Every structure is written in structure tokens, then in C-alpha cells.
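Some structures to go through are shown next.
Presented sequentially are two complexes of chain A, the first with chain B as partner and the second with chain C.
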Partner chain A sequence: MRSYAFFALKRLIQLAVVVFAGTSAAFLVAHFSPISPVETIIGRVSGQSSFSPAAIESLRATLTELFGFDEPLWQQYLNFWSRFIRGDLGPSLIAFPTPAMELVMRALPWTVGLLTVAIVLAWLLGNILGGLAGYYQNSRLLKGFGVIAIGIQPIPYYITAFLMVVLFGYIWPVMPISGGFAMEIRPAWTLDFILTVLWHALLPAASLVLAGIGTWFLGMRALVSNIVTEDYVTYAELAGVRRGTIVGGYVIRNALVPQLTALAMALGGIFSGTIITEQVFSYPGLGTLLIRAVNGGDSGLVLAVSCVAVIAVAAAIFVIDLLHPLLDPRVKVG
Partner chain B sequence: MRFTALATASSLALAACAGAAIGQEEGAAPPITEFPRDQTLILQNPEPPATNPPNFNIWVAGNGAGWSTGLHQLVMDTLWFIDPDEGLDGPLYNQLAAETWQYNDDFTEMTVDLREGIYWSDGEEFTAEDVVFTVETQMETPGMTWSAAFSDVVETVEAVDDYTVRFTLQEPNSRFHALFSVRWNGAWIMPEHVFSEVEDVMAFQFNPPVGLGPYTLHSFDPNGYWYAWEKREDWDRTALAEWGEPGPQYVIYRSIPTPDNRLIEMANGNLDVIHDLTPEATFSIIEDRETARGWFPGFPYAHPDPTLPMVIFNTQRAPFDDRRVRWALALMLDARAISMASYRGAATLSAIAMPPTGTHPDDYHAPMQDWLIDYELDLGNGETIQPYDPSIGSQIAEMVRPQFGEDVPTEEAAIQRAFGFGWWRQDLEAAATLLEAAGFTEGRGGWMTPEGEPFEFEVNTFTDGVINRMGTMIAQQWTQAGIEVTPVADPQIFASTLPLGDYDVATAWSIETWGGDPDLSYFLDSWHSDFVVEPGERQPARNWQRWSSPALDGIIEEVRTTEFTDPRNLELGRDFVRLMVDEMPVIPMMAYNVFSVYDTEYWEGFPTAEERPYANIVNNWANSKYIFTQLRPAGQTEGD
Partner chain C sequence: MTGPILTVEGLKAYYQICQFGQHLEVRAVDDISLQIERGEVYGIAGESSSGKTSLIKVLAAATRPPLRVVGGSARYDFGGKGIDPTTASEAEIRAIRWRHLSYIMQGSMSVLNPVRRIERTFRDFAQRPLGLSGAAYRDRIEEHLDHLRLPKSVLRAYPHELSGGMRQRVTIGLATVCRPDFMIADEPTTALDVVVQKDVLSLLRTVQQDMGASIIFVTHDMSVHANMADRIGIIYAGRLVEEGPTRTLFTRSRHPYTAHLVASLPVIGDTRPRPALEGRPPSLANPPRGCRFHPRCPLAIERCAREVPPLEAVGQRHRSACWRAEDVRPLLIPGETGQTAMVQA
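Right after this comes the complex of A and B.
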């Protein structure tokens, strides 16, 4: 037990170092962006108006001071950490003075909702079908599914997503191709609203499941194909253990450890958003927010999204590290 | 069974998460049941989804509020509008002002008489106090959108009475009214009775907005993808009422980032107006959908905006400081190929530094044809040529006719409006003579500079779209003519490359005009040599070419002391055009054609190029507000 506590402490220190390093890197990348939010705003304000050059210069000076860009970078870095420790990631510069985290929290539930469902469904379906295909290697149905999975897996996701838009939005227009819910329905805790959210999420979620299922399927089938040759499986079969028990209890369960690790990594990656899905389906989420932040040179917002992503991925790895010794006794904690 | 349970649980998780997202905004939108399609107009908003959807404070620069979400078309208002096309009764609208601006003799004072009987959407009357508050608040609050513009010009502003405002200016300024004149947007008037109660104007969300336009906020997507507006019951107490009752009861602006989805939504009847498509997508939907059409009834369909895509030379860098080199590069271009590459032929060319749109063809292009045809270019070796070819527009029309048939106009006047009048004839021999006169030599590997180095440079252009295609084709043509030119896709072209002068040659624009008025002050004042900076310093908009000349300064200074409506402005504009042809600091190419498409399945009465060009169909312009008064449900006659 002591050795496990020591192991956990080491991993916790690693987590802190990763968060510090990742966040610092994000700070530097965000601040070295060649895109200036001041110029982005000036471009928008003056680009379509009869502004004199002198007025533009005045606006530039004001915004530079307002955003704190007149301070040296090291000072901005220290300011960032002093705010970060207090849980404040500062204002967004393209939605000034709205706190960047407020914008992140507005978009986050959409991304988490859509991706969690899509990743978990793809993981479940892919692993179960892959496990069965690995065990029942002579099944025609599962062989057929394997061929389909191998066929779909290399198709770039944007092609899959676009084909679904064309198929279900244009050729057979039965599903919504944009937005998170119907305009006619008021956002509230009503059955109508929940159903419209599900209806609008169906196509983007299906595209993600379709794109993700093949990888899980092929990975699991390969793992199981190795496990079925193990002695304990042969022994169980000879002992007359039910096939379902062998597949579910012995084979798939033993093959699940690496797949669980990969699942945790995938779930941690959710917080980076899914830019292509959001673009293709005009679906709300973190990806769109991140694009806007990058294009607008909004270092505050880029940092906020990056910090959430860094912390999420690091935390996911941390949790998996802690769980591994519990799931698999072969893992040493010393 | 387990799968079903898991799927159900996952779905509920999704719903819960989405619900949590929406729950934050609960209360922001009123309850509704539906938007009856025959009472609802749906338009595409070209802005990406608003970064800060619940924010409607349009007076704060960079607060993440959307502008062309319907907010500035349907809710905001100001003193005057200048239409980029012909307008309902001429391009100049006295909107909140009862008549045009009144300056004193030396342009140090401007007095405005306001309309009476105009009301804010919350029932308060609009008065001179609102105008005074708008100016004073922004002058006192740096960071607001028009604060710098006012602070640099206004000395004092006072309400003479409830309906009269007087501005005293720091220096003579004959174009001060331009700040309150909408070309796309303008300085919108703030509701004094709302903002005077606000402690922090910069942080105020202004939700729901209180406006002077005929619509109020109905509801909006907390994610910023759509905004729905409803007609005010007292729409007749707004300035727009002069032109009739707006047709749609509801107006929805939708942000649809991908062109494919816009096309699909219109094909499915979920979108009445698309702001912009690619040329190819436009051709496709017009062919497939009977009720869809563009600004022109046939080819080239698109609306020419009063913006002039061009080749911009950095005239502070050699050899682009030499007009012979600039002219040589112009004569190496084949405008027909550039039109086909960029717009698939659907470009409206302009050989002169003036967008061929709105009233400009009548004011500039047509009357200057003879001068252009007779124009003689000195090649530097004693020879002259007449480089202008008035038939280029007709040649392009013939090039696209085999594909588009009857959609391509046949009458000369229609061809000139659609494809442009003419352009510079490609003349590689004359270009070579000019380069040789400038000290260049032609070797086996191509042109060499006077210093004996290969003549090579980059062309900074857009990352995608028609301007990217244009820049790439131009670079290719120069390369074919013996100059090593590389196109560079530049995402920061307007934000840093052009302002910092960090380029040799670029394809972008430095000329934008009112469109509906011959006055050029909108862009030209910023071209004065007073504003041209040293190399390496940041150049204020819009003289990206950093070009100056005493003759140009003379024109600008005379414009400054000439009243806006004085016919002399047209003469000064033509002098400017002639000077630009002589010096060629930029190579004008074409209008910025916007492929707006509208569908008449549900609504009719949109402006058209051939019959009623009363407004710009490009719907993110605030000027598009006049269109709403002309719309009626499809199939309904005028008297219904």
C-alpha cells in the first residue's frame, strides 16, 4: 500500500510538471503567433468605415494598452501564472473583456457531449465486434464486417463527414445538416429540446462513430487473435466452459487493457474539440472556438482552450496510470 | 440489451451536456412555437458564428458581438445612407437626418436637422440628445468603435434643440458627415436612455438591443449560429417606414461556414438569400433550381461590389518605384486568362482605378472610353503605343458563350456592365521595350535587373478564393514572360503584410468607394503623402502601395475643400483616374464580384441588375435594410 502511495505521488508530480510545461508552451506559442488581435480588431472596425489614418493610430495605441501588450513578454508570463493560480485565465481578446473561460465553458458541453457519446459508442461497438471477429474467425458475418471496417478505416474523416451531409442532407434530405438544435424550439429542459438536440447530433455523431469504429475493430481483432491461442483459452474450451463466458470473461477482458488506455487517451483528447465535425455540420463546440481564437490572434482564448486540453489529457493519463496496477497486477508500482 | 442501455445512456449524456450548455443562456430567448415560412425570410450571415453571441454592444471594438447578424441591418440606424447601387430614390438617403448635412463656409461646423416622430424600440423618442450622447460617450471611452474617429475630429457637440445637433470640429473637414454615412456600416446612434444608466459601457452586453430599426430581437442561438428578428408593431415609427412596411414578419440570419451546406440549405428551401458562393456553386444552383438567381439574370450573375481587386506594387522598393517597370508588368498580363482563372469568366474588369459598379460606369468608365482608347504610352525609346483594348469584355463574353449560351448577354451595353468595358492589351514587345528602357536586359534564363541579377520576386495573395486564383494566374503569366515570380498564399495579407510593407507585389485592394457617388474621399484621403511612412514602419490604411506624388496631393487637397455634392468632385475623380493610368502604382483588375444568390420560392421583390438595381443584394451590408421594404410573399401582387 505504501509503495502504491509513493507511486501515486510520483505520478502526481509528473502531472504537475506536464501541466506546467504544456501550459508554458501554450503561452509561448499563443504569444508568438504572427497574428495580432489588435490588428484583427482594427481591420474589422476600420475596414468598412471612413476612418482617418490618425484615428486608426489612436485606436491601435488604445487597444495595445488595454490588452497589456505594451508590457514585456516575461511580465505578461508572470501575470498569466499569477492569474492562473487564482483560477483566472484572463479575458478573451476577440470578445473583450469577457473571461476566456466563460467562452470555453459555453462551448465545452457540446463538444464533450458529442465526442463522449461518439467515442464510447465507437469503442464499444468496435471492441465487441472486433473481439468476436477475433474469436469466431470463421464467421462470414464478422468476416464481412472486417472487410467493411478495413474499407472505411483509411477514408479521411472529412470525406466520410461530407458524404453523409450530401447523402442525408441533399440526396435524401431527412436529417438536419447544421446547428445544435432546431430554431423553433426554445432552449430549456423540455423533452422537445432534448429530442431536437439528439436529432441534430445524430448525423455528426454517426459520422464520428463510422470513422472511429474501424480502428477499434481492427485493433481488438488483432489482440484477440493472439489471445485465443493462449493455453488458458484452450484449457477453458476443453473444460467445457461456455463459449460466451470464454469470449466475454477470458478473451475480450484480457485484451481490453491496452484498449482501455487508448480509450482514456481518446477521451482526454476530446477537449481539443473536433474541428472538422464542427465545420462540416456547423455544430457548436470547442474546435470552432479555437479556430476563431487562432485566426483572431486571441492569445487569451487559445491559452484557455489549450490549458483545458493539456489538463484533460494529463489528468486522463494520470488516472490511467493509477488504475493500471489495479487492473493488471503484472504492472509494477515500485 | 446492454448495447441498448449503453446507447440510451450515451444519448442521455449527450442531451444532458447540450442541455447544460443551453441552460446557461436560458431566459435569453423568448418562448416560440414556429416561424411560419411564408412570413419568414432566411438569409446567410457571412460572419463566422459569433464569438460572444449574447453581446449586442456594437459600439465596443472587439467584444465578440456579431454585426451582420441582422443587428446592423435591422436594428441599428444613423443619419445617412449612401447606397452602392441606385437606391430607391437616388443613392443618398436622409435616414435619421431630415435633410443633408449643413457645413459652415470653412467646414469647421456641421449642423444636422433630425427627423421628428422616430422612436426607439422600447418606446422612447429619438432626439438630439441621443446623437450628442453617442459622440461624447465614445470620445470619453477609448476602445469604443468610433471613439478615435470622433476624438481626432470633434471639438464639441451640442443639441441646439430636440431635433438639431451642431458639431464643432477641430479643423476644417468637409467629409465629417462620412462617419455617419453608411457604406456597409457607419457610426450608429446609441440610445442615451439605456446607456446613461450603465456603469461600464465597455462591458455592457446590450441584451436585448434597443434600436431605431423596424425589427427587434426575437431569439438567438447561444452558440452564435443564428439570430431571429421580429418586426416591430410600431415599425411605422422608424425612419425606414418612409419606404413602406417591411414584408417579412420574421427575419433569420444564419451563419453557415461551408459553401456546400449553404447550397444544400437553399436547395431544401431553408435559405432565401446566400451571401456568397464560389462561382462554380453559383452556376450549379442556378442551373438546378428554377427559383434561384443572382444579381444579373444571366452570366456573370454576381454583384460587383465597390471594391477593386488589383495588383499592388510596393513603390518604396526598387524596381517597383519605376513606372516603366510597373507598366511593363501590366502589359505582360492577359486579362482574359485572369478572368477565366479567377472567376471562370464571371469578372467585371476595370482598366482604371475605379470599381466598375454602382454609378461609376456612368460617371467614369463610359465617359472616359475615348480618352482611354486614345491614350498613348511612351515606351521610353521614342515610340508610343495605344495600349487600351475596348473589346476585352466582349472577347470574354464570347469565350464563355459556348458553355452558358443564352445566359450570356449579347448587347454591347449589357456586356460592358457585366464583363467590363475593356482592359490593357497584352503586349510583350512593348513590355520588353519598357524594361529595357529601365535598364533591364533579357537573357536566356529570362529578364535580368540593371544590377545584373535575375529579376525575381514574390506575389503575396489570399489563401483561397478568387483573389488567390487571380494572384496565381498573374504570377504564372509573368513567369511565362521571363520573370521568376512565385505566388505566396498569405493569411496575414491585410493584418500585417500590407501595413508593414513586407512585400514586393501583392494582389489585394487599396481602393474602395461609395459606389453610389463619384466622390472618392472614402479611400483617397488616406493616400495623401502626409500619411506615407518610411520603409519598415506601419502604413495606415489604405495606401498600401506607399505611393505619393505632388499631383495626387493636389487632387486630395482640393477634394478636402470641395463640398461633397459639388460636381467638381467628379472632375477631380477623373483627374485621379488619369493620374493613376499615367503612373500605374497599382494595376486595377476587376470589381470584387460577390456571388450572392437569392431564391424567389417564398419571397419576391429583390433588387436586380437589369430592372430594379435599387440596393446591393449582398446582404451583410447594412444598406440592405431597404430591401425588406420591397419584399412581398411569392405570388402576391403589389396590391395584396
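Right after this comes the complex of A and C.
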């Protein structure tokens, strides 16, 4: 147990390094972006009425000081960290003066909820079906799934998203195609609200599951068709071990080890993927917020979204890393 | 409980494959007949790809395409309960597995599920055939491990935490825990060093004698046969060419192929060169006519290329398939401390 704690600590340090590097990169990108928040505000204000040049100059000086842009880069970087640790990344522009962090925190549960459900569902379904297809190679039904999987596997997630909208929003309009919940229901922990959230999440989640499941299915089927020739599977069959135990405990269980690693790697990519899905369904998540921030020239908000995304992805991979030795006893702990 | 536990009659099992658009029949097991008595250890010897493993696959009811049984029969007699592994249904076979018929597999490195603790594997394999649960089951397992002089701690271990010899001992524990009547062992000691090999063999022999079980085992290692087997069957190119008690086969072989096998064994202190056989084992897809050994046989006569010699009695429980069985002589006359000493080892 002590060695496991040591292993967890080591992974935690890795997590810290990844978060540090990722947020620093995000800070630099925001800093060198050609869109200056100061000029954006001035442009917006002076567009509405005329100001004297002196007033604009004084406004510019005030804003520059507010954002801390008059200080040297290293000082700004230190300030960024001291504020970031306290969870403050300055005011947002598009919803001035709401803090950027508050907008991010409002959007975060939507994205995390949608992604977790969609990824876990696609992973579980794809692996279970793929595992069965690899073991029962003569099953007609599972062969059919294989053909479907090969068909849908190359379709990108944004096409499946549009497909869902067209199918269930236009041709057969039974599903809500935009927003995270019905307008007439107030957000609260009531059954009505939870139901409307699930109802609204169904299409975006289905589009992500559909886009992901084929890859998991095919990967798992290939893994399993190798594992069924392993000696320990043959031996269990010769011993008359129950079929269900062989499929679950011998075949799929061993194939899950590499699939878990693949899940950790897929997590990194999927966050960027949902940006478009959220956009298609006008889902109130981080992706929609990021697009609004970029369009509004809100580099502070872009920075906030990026930092939170880095932390979220790194944390998810950290959790999977912690699960790895529990799934595979051969992983060296320590 | 009298009569042989296993009777094989005219068994034929071919690999039916399609290669380069041509249908091929590889005659891995071609007309093999043998009987194994209760409590007997029967060794099957032969070189690689002679059909040894195919034979025991059929006997273990593990025939998978492209291997198919095309003729003959095999019959187990488990106390009046007869079953033919070549025709029995999946459910019938499942009912006798491990309780009556168990298997020790080649390659101790990979026969245990790497993600399960040994106790979990024991439960998967043995709980249903033993029909025990809870404390009674646990006691039975621990008692059995004790009997095999295996520490109880192996139950908590994962396979990768055990040495190769330990793993093979665990496999023997797994195969014997239900006290089966018949065990099939496929190269049980390959990949183990000589010292561990000796341990594993004596363990297997002890358990077998305690239980009164029969074993059929396969290996190309003649010294293992000398130490393990009561009786040996020699397979060449899919056919049984000679069969007899171990000592008889090692000292008074009546088949030129066996004579060469025995003569190839190293003997301490004997530095004479070993007579080698010319040529290679024949292709089982297109075996030579007549006796399959005749192209390589130093005693071959014209008749050998024409007619297949039948497996006929040449002595006490000793059968040979050779037209010139009477003319076979040991190739190297053993010295005072020669092969006789090795057989006793």
C-alpha cells in the first residue's frame, strides 16, 4: 500500500508539471495575441459616442493599469500565477465586469457532464460489443455490428452532430436541438430540471458516442481476436471453465488494459472535439464559451478556458493512471 | 473398475487446409490404435510435427478446425461411464472435464491468466467440478497444496510473481485438485531447466501414484520418458511405429527409428559419435507410400516401399510396425554404465 501511495505521489508531481507547462503556454499565447483587450474596449466605447482624445488617453491608461499591461512580461507572468492560484483571472470582456473565472465555472459542469457520459458510454459499449465480437467470431449479429462499426468509424464527430440535427430536428423533429435545458424550467435541483437536462443532452451525447464507438469496437475486436489464442484462454476452455467467466474474466479483462491507456490518450483530443459539437447544438459549455471569447477578442477569457481545460484533461488522465495498476497487476507500482 | 481406461481404435485426424488455392490434407494422426490401463503412465515420443500434439488434442476433445477427426474412435471408461471425445457433445465433455479428465499444458509461462490471483484461477477451474463452497472448499484447496508441498502464499500471488518452476507446479496442482482419473500432459517440462524439470516430474509422478490416475504425456525428450513412463509409444509421421514397456523399448527396440532415437541419447563417459539419420521427416500432406520411414531407413528392403507394415506383437506387450523387426539391433551396444543405468535413473 505504501508503494501505491508513492506511485500516486509521483503521478501527482507529473500532473503538476503538465498543468504548469500547459498554463504557461496558454499565458504566452494570450499575451502575444494581436488582439489587445484595451483597444477592444476603447473601440467599443468610442464607437458609441464621441470622446475627446484626452479622455480616451486617460481611459487607455486606466485600462492598461487594470489589466497590468504596463508591467514587464515576467512581472505579468508572476501576477498571473499569484492570481491564478486564488482562482482569479481578471474580468471578462464579453460580459464585463463579470470575472472570467465565473463564466468558466458556469460552463464547466455542462461540458464535463456531457463529455464524461459520452466518453464512458462509447468506451463501455464499444469495448463490450467489440470484446464479444472478437470472441464469438461466428455470430451473425456481431458480424453485422462489425460492418456498421467499419462504416461509422471514419465519420468525424461534427458530421454525426449535423446528422443528428438533421434527422431528429428537421426530418423527424422530436428532439430539442439547441440549448442545455428547456427555457421555461428554472435551473435548480428538481426532477423536472434534471429530466430536461438529460433530454437536451441526448442528441449531443449520441453524436459523440456514435463518432467514438466504432473506433473502440474495432480496436477491442482486434485485441480480443489475439487474446483468444493465448494459452490461458485455451487452458481455461480445456478445464471447462464457465463461458461467461472466460469471456469476462480472461478475454475482455486482459484486453481492457491497453484500452484503458488508449482512453487516457483519447481524452486529451476529445476536449477540443466537443467545441464543434457544442457549437452545433448551442450547448452552454466551455466550447461555446471559448468561441464567444475568441470572437469577442477576450484574451483573458480564452486564457481562463484554456487553463481550466488543461487542468481538467490532466486530472482525468491522472485518475486513469491511478486505475492502471488496479487493472493490471504487472504494472510496476513505485 | 477393470479394463483399459482409454481405448483408441484406428483414429484418423487430418488438418484440412486450403493453401495457394489447393486443398491439402495433412495426415497428422493416421490410423492410431492404443490402449491405456488404469494407473498407467503412457509416454508418446516423436520428433516435432510428427502428430503427437494433434493426437492429444483429439483425446482432450480440443479438436478445432482445420483439424478434424475423419475416422476411428476413442473411448474413455470412467467407472462404467463411457464417453468418446471425438463424438461427445459440448455439454457431455464439459461434465467430465477436470472431474475425470484434466490437462497439463505446455508452456508454464502463459497458461495462467496474468490478471488473476492464483486463488481466483483455482476457483474458476475447480469450484464447480468439486461441488464445494466456503470453508470446505478452502480447506480442500489448502490441503491439496500442502500435499504438493506448495506454500499457501501462492494463492495470493499473481502468475508473474512466481518462477517458471513454481508456475508449472501450480499448474500441476490445478490439474490434480479434482483428483481426475485421466490426465493429459503436453510437454509438461519443456522450457524448464533440468533441476526444476526433475522436481516437476517427481511431483507429477507422486500425485499420479497417490491418486491412481492414468497419464498420457507427450514430449520429444527421451530422458523424460525414461524417468516418467511405464510404457512408451513412438510416433513417426502420424503413425504409431512401436509401442512397449519403457525398459524394453530402450534396450530391445524392434524398430529402426526407435533404435536411432535411443542411440542418439548422450551417455556419460561414452564419447563415440552418434549415428545420424539421413534426410528429413516426410511431409504429412504427401507421405511416402509403404512404410513412411523407408526413405531414411538403413534396413529398408523393396517391400517397405510397397506395403505398409502393420503394428504387430513382437514380445510381451511389445508391438512394432516393421517388416524387418527381427533384424533390428541396438546401434550402440551399451557399456556397463550405459543406457541401462540411465533407464533406472
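Here are a few things to note about the model shown:
One rule holds in what follows: the second predicted complex is superposed on the first by the 263 of 334 C-alpha atoms of A that agree within 3 Å, B and C clash if a C-alpha of one lies under 4 Å from a C-alpha of the other, contacts with A are read in each partner's own complex, and residues count from 1 in each chain.
One rule holds for everything that comes next: a contact is a pair of C-beta atoms (placed from the backbone, for glycine too) under 8 Å apart; a residue touches a chain by one contact, two chains touch by 3 or more.
Everything quoted here is computed from the prediction, not taken from an experiment.
Among chain B and chain C, the chain that touches a larger number of residues in chain A is B. In the overlay built on the shared chain, the residue A:V310 is in contact with neither chain B nor chain C. In the superposed model, A:D328 makes contact with chain C only, not with chain B.
Shared-chain residue A:Y232: touches chain C; no touch with chain B. When both complexes are overlaid on chain A, the residue A:R44 reaches chain B alone and has no touch with chain C.
In the superposition on chain A, contact of A:V257 is made with chain C only, not with chain B. When both complexes are overlaid on chain A, the residue A:G180 reaches chain B alone and has no touch with chain C. Once the two complexes are overlaid on chain A, none of the chain A residues touched by chain B in the first is touched by chain C in the second.
Across the complex, chain A meets chain B through its residues 34-37, 39-59, 62-63, 66, 92-98, 103, 105-110, 112-114, 116-117, 120-121, 124-125, 162, 165-166, 169-170, 173, 177-181, 183-184, 186-189, 193-194, 197-198, 201, 205, 279-280, 282, 284, 288-289, 291-292, 296-297.
Listing the residues of chain B that touch chain A in their complex gives 3, 6-7, 10-11, 13-26, 29-35, 48-49, 51-52, 55, 60-64, 142-143, 145-149, 151-153, 175, 178-179, 181, 183-187, 202-203, 219, 221-226, 228, 252, 254-258, 260-261, 264-265, 267-268, 491-492, 494-496, 499, 521-522, 525-526, 531, 540-541. Considering their complex, residues 230-232, 234-242, 245, 249-250, 253-254, 257, 327-330 of chain A touch chain C. The touching residues of chain C, counted against chain A in their complex, run 60, 62, 93-94, 97-98, 102-103, 105, 107, 110-116, 120, 124-125, 128-129, 158, 160, 174.
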